[in-house]
Every structure is written in C-alpha cells, then in structure tokens.
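Inspection log for the structure reproduced underneath, given as structure tokens.
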Amino acid sequence: MLRIFSTGGTIDKVYFDEKSAYEVGEPLIHHILNEAQVTLDYAVTPLMRKDSLELTDEDRQTICKAVVEAREQQILITHGSDTMTDTGRTLLDAGVPALGKVVVITGALAPAMFRDSDALFNIGLAFAAVQTAAPGVYIAMNGQVFPADGVRKNRERNRFERL
Amino acid sequence: MLRIFSTGGTIDKVYFDEKSAYEVGEPLIHHILNEAQVTLDYAVTPLMRKDSLELTDEDRQTICKAVVEAREQQILITHGSDTMTDTGRTLLDAGVPALGKVVVITGALAPAMFRDSDALFNIGLAFAAVQTAAPGVYIAMNGQVFPADGVRKNRERNRFERL
Amino acid sequence: MLRIFSTGGTIDKVYFDEKSAYEVGEPLIHHILNEAQVTLDYAVTPLMRKDSLELTDEDRQTICKAVVEAREQQILITHGSDTMTDTGRTLLDAGVPALGKVVVITGALAPAMFRDSDALFNIGLAFAAVQTAAPGVYIAMNGQVFPADGVRKNRERNRFERL
Amino acid sequence: MLRIFSTGGTIDKVYFDEKSAYEVGEPLIHHILNEAQVTLDYAVTPLMRKDSLELTDEDRQTICKAVVEAREQQILITHGSDTMTDTGRTLLDAGVPALGKVVVITGALAPAMFRDSDALFNIGLAFAAVQTAAPGVYIAMNGQVFPADGVRKNRERNRFERL
C-alpha cells in the first residue's frame, strides 16, 4: 500500500479563466493514476496547495509529521520543484530512513494539464522508485532518482543536478 | 548510461491515414524522453517493429543477444504487452541477472500518440526501476515493478498481475 | 437546432488493445463538443460505424434519407475522408439544397483520440459552416469549406483540393 | 488569402516555470493551423500580447487600423474573451462591414497548450466563419458565430450569449 501526500506545485496548476488567474488546483494525481491504469493500492492525502516557494517551516513540519506518522512504508510526495530539496532535508533530519520508509518527492516543470508535460512520466518515475529503492528520501525529477541530500535545482537551467 | 532497445508494440502504434491502417511506427521513445525533460544519458537501439504476438523465437534470441552484449548494465526494453513475460523468461534463462544487469521491460496498453495513454507514465516507471532495482529482469506495467517470472498478463482484464 | 449524423471514419477510430486492433468506435462528437464548450443545441444520430471505403450505395441512401427527413435545416455529417465526395454527390443528386438545408460533411485525417489531430479544428470548421453558409452541400477539410461538387481528395498528398 | 491578427488572451497563455508565472506567450496560431493540416493561404501579424482586460483604447485603435488597412477581405483576430465585444464594437464603429470585409474575433476559455481546450475548435469555427459569412464583424465562441453587436460575455457562467 502506497501513501501519496500532495502539497501543490506546478504539477497541479490549473487556469481559472473567470479569474484570469493560474493557481494550484485540486490534486490531479487520481486522474494521472487512472490514465496510467495503475492497479497498485494507494491512498491520497492532500496536505496543502502551495507553490513551493511559499511553503513555510510550519508547512514542512506538517509534511514531515504526516510522513512519520503514516502507517505506510512507501510514500510519494507531490511538490513544487523549487524547494523540493528543503523538504527533503527536513525529512532526512527527522530520521525518516531509520524508520525503514522509502519517501520519494516528485513534481513537474510543466502542469499535468498541459499537452506537453513531464508530469505523467515523473509520477511513473516516483512510483517505481518508491517500490524498488532502499529506505531513504529521494527526489525523482528529470528522469533520475536522486538521494535528497545529493541534488540541487539549477535555477538558470531549470533542472535538477547531482551535487 | 542507459541503453534502450525498442521492439515495437502498442506503445509505438501510429495511424497511417493513407493506408487506412494502424501499424507500429518508428520508436517514439525520443519524443517521450524529451517531453519528460530527461537529463540522464541514454542511447536507443531499435531492434524490430512488431506486435509482440508476432515475435518469433529468433526475435527473442535477437533481443537476448543484444541485452547480453550491451556494455551498459541498465537496460530498458520497450515491447508489446502480450508476450512480455515470454521475453522476460528468455532473458532469465540466458542468465542476465548473473551478469549484474538490471533489465526492465515496459510498453503501453494505449499508444503513446493517444491523448489518454499509460505510455509516458510507464516509461517513467521503467526509467526509475532500471536505476534502483537490484540486478534482475523486471516487467514494469500498471504502476508496478514485477519480477519477470512472477507476473502474467490477464487477457480478460487486460492487465498485469502477480502470479 | 443542429442535427449531427455520424457514419464512422478515421475521426472515430480507437484502439482495442485486447484485440490488437484499431477500429471505428462509438462517435466521439459528444466529447469533442463538451471540450469545445459548445452551447448551441444539437442532437446526434449515429447511422453507422464504417471506414468510408466500405460504405455501400445502400449506406449512402441511408445517409441521404436521414438528411432529407431530418426536421433540422442545419446538418453536420462526420464521415471518413476517402469517400466524402461520393456522399456529397449523392446528397446533391437528392436535391438537398432545394430543401433549404445546409449540409456540411467533415471528418479527420488523424483520430480525435490522438494528441495531434485535425479532428477538433475540423468539427469547429464544420460547426460554423453549417450556421453561416448558404443552403447547399459542403465538405469542410484542411481549413476550407468546399462546395461538395467542387472538390476531390488528393490521395497522394492526403488532402482535399478544389477541382 | 486570410489575414490573422493576434492580440493575446487566454488562448496564448503559457507557463514559465522559472518565473512561477503564467503569461501570454508568442502566438500559437501557427502550431494550431499545422496540427489542423490547413492548406489555405494565410499570414499572421502579431499586434500585441495582452490579457483583454488590459487592452486600452489605443490598443483597440491599433487593432482597428490594422484591420481597415489590411489588403485582405477575410480577417481573423485572436483575442482574450473578456473584452471581445468592446473590440467588436470599435470595428463596427469604424465601418468595417461597409468595406466588404468579414472579420471574425475568436479566442479560448482554456489555453491552447492545455490537454483539454476549446482553442482548436474555436480557431476552426472562426476559420469557416471568415470564409462563409457575409461582410460584417463576428465573435466565434462556444460553437456559435455571433454578430459582434448581438452578443455579450456572461461573466458568471463564463460563456457567450446572444443579447
């Protein structure tokens, strides 16, 4: 059984024409997993709907607590890409790997609602990582499964790279 | 460095209007990996373009030889879903795990060219499995990473299930 | 009020993985019109689900009868592209323009289910033509609204051209 | 020969992940018309890239002048939906119909970049209207071709309705 926590980010950004605005909407993970014809058991818990630049320390503690207290050992977190590494570090500091959990953080550089998007691929990437990687905290982006403390987001090139 | 062998299957099916026919076209894996903004190094070797029901023993030997002789340790095979388990068994019989290789077979139940498809998710699934799983042969479908000798395709329900 | 008759063709082709086959499925026109946020009243009558190369004289008579007997004056027909002109001619011979009706035949060169398709655009093209053109029979393809007896499908170039 | 003026609006909104922002990008009309396999001759002149709520009287005069001075008689304008009727009125006041021109304003309620969008259908709708409607100014949205002075955008229901 897999637990999914959604926190927001580009992956869930939708366009509200009546507001002329573009905001994080409800988690699209169910639609993604249906389209992917996933048959594995999973449960989704939405924690927040924020751009990751807006996540506070309190938010990261909320995420951390949810991960630690979850009865599942396999946990996927959908998250904005800008501060994935910060949340990763918070989870490592909380001793998550020692609990035997495999936690994979992923998101997307283009919204799942877009015709061209890395969203579906990234969710697939994270889905496998959470089933096959050793206990630890990971970031799954740009086709790679990085240890959460061994990666950074390169802002200029808008992509993740090993430290 | 990751090596990708394409063999055909639904994932690469395209529609040729002028022939009023629907056939396996050129491998779409490059487009998929571009859309996914993958930054990992990989190389693609097209082996054949067949529906997996049409693969012969000779074809499976061709695939097997290519896998064994590849210098890479991480190998992804795109393949029709109907006989993935047969190819999986051929690779296990050839002693692939003992060579230290991680081989992941994937494909799709709907063509990558479709608006609604498991293709992108499955390629992501396989991409992570090939980086994190222990040496062995796997089938990545329906959101799961199955050991190749521990799964079957349920024809009635059109999905993969553990034996 | 607009009446839509669906006859099959590439526009409605779907892939049945379990049959490893690609066939005309149920009409996708409802999905297309929902996605287009169409608010005009319309009703859909499926007549058949055939590749237009397989339409018989009897089929064309069926289409013709349905058009003549429809109480609506604005009629859209979704159809395979290969024999649109034959159906067009049958309707002209039946004196449809003299009845004051505007009949527009359209379809697509790529299935509506594809990520890249002319389907949505063509349905839009036909939808406007049926509201603004003078009574007559038309073929709406490749961005143009052709009089049905003034166009042919160029097989080599897979497109419609004025005679 | 058809002339297309692009002014911005939701239809051309794209997401810039590095800015965490969602803005009007370059006109997507070329991509749309390629996907639609349009063979009619047309030329695109980008005038501005604005949300239509931000268009000033000066902007509307710019659009008006461009329409009046264009040598083409068939003109399509892509535009944000919120103030389409204002631009329509400006064109009517400038006596555009008397010049023998057919001007059709269209746009989209969801960006063309989205998997689900009215964009492609609306461009098709406008493309036909500009070829078959009598000289005048029109708004093509929600599957209908409205006279520009006979329609309003219903903000609560986010759609266009006849006055």
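Labels for the chains are A, B, C and D, by order of writing; each one numbers its residues from 1.
FYI, contacts are C-beta pairs under 8 Å (C-beta built on N, C-alpha and C of every residue); 3 or more make two chains touch, one makes a residue touch a chain.
Since the structure is predicted, the reported quantities are computational estimates derived from the model, not experimental observations.
Engineer: On the document's contact criterion, could you list the chains that touch chain A and likewise touch chain B?
Structural biologist: Chains in contact with chain A as well as chain B: not a single one.
Engineer: Farthest chain from chain D, going by mean C-alpha coordinates, please.
Structural biologist: Of all the other chains, the one whose centre lies farthest from chain D is B.
Engineer: I'd like the Å distance between the centres of chain B and chain D, where a centre is the mean of that chain's Cα atoms.
Structural biologist: Here the centre of chain D sits 44 Å away from the centre of chain B.
Engineer: State, to the nearest whole Å, the distance from the C-alpha centre of chain C to the C-alpha centre of chain D.
Structural biologist: A distance of 26 Å separates the two centres.
Engineer: If you average the CA atoms of chain B and of chain C, how many Å lie between those two points?
Structural biologist: Between these chains, centre-to-centre, one finds 38 Å.
Engineer: Where in chain C do residues touch two or more other chains at once?
Structural biologist: In chain C, residues 109, 115-116 touch at least two other chains, as defined above.
Engineer: Line, ring, star, complete or other: which describes how these chains touch one another?
Structural biologist: Drawn as a graph, the chains make one closed cycle, so a ring.
Engineer: According to the definition of touch, which chains form touching pairs?
Structural biologist: Applying the touch criterion to every chain pair yields A-B, A-D, B-C, C-D.
Engineer: Any idea which chain A residues touch chain B in the complex?
Structural biologist: Spelled out, the residues of chain A in touch with chain B are 32-33, 35-40, 109, 116-118, 120-129, 131-134, 140, 142-145, 159-161.
Engineer: Once bound in the complex, which stretches of chain A touch chain D?
Structural biologist: 10, 13, 15, 17-18, 20-22, 51, 53, 81-82, 109-111, 113-116, 155, 158
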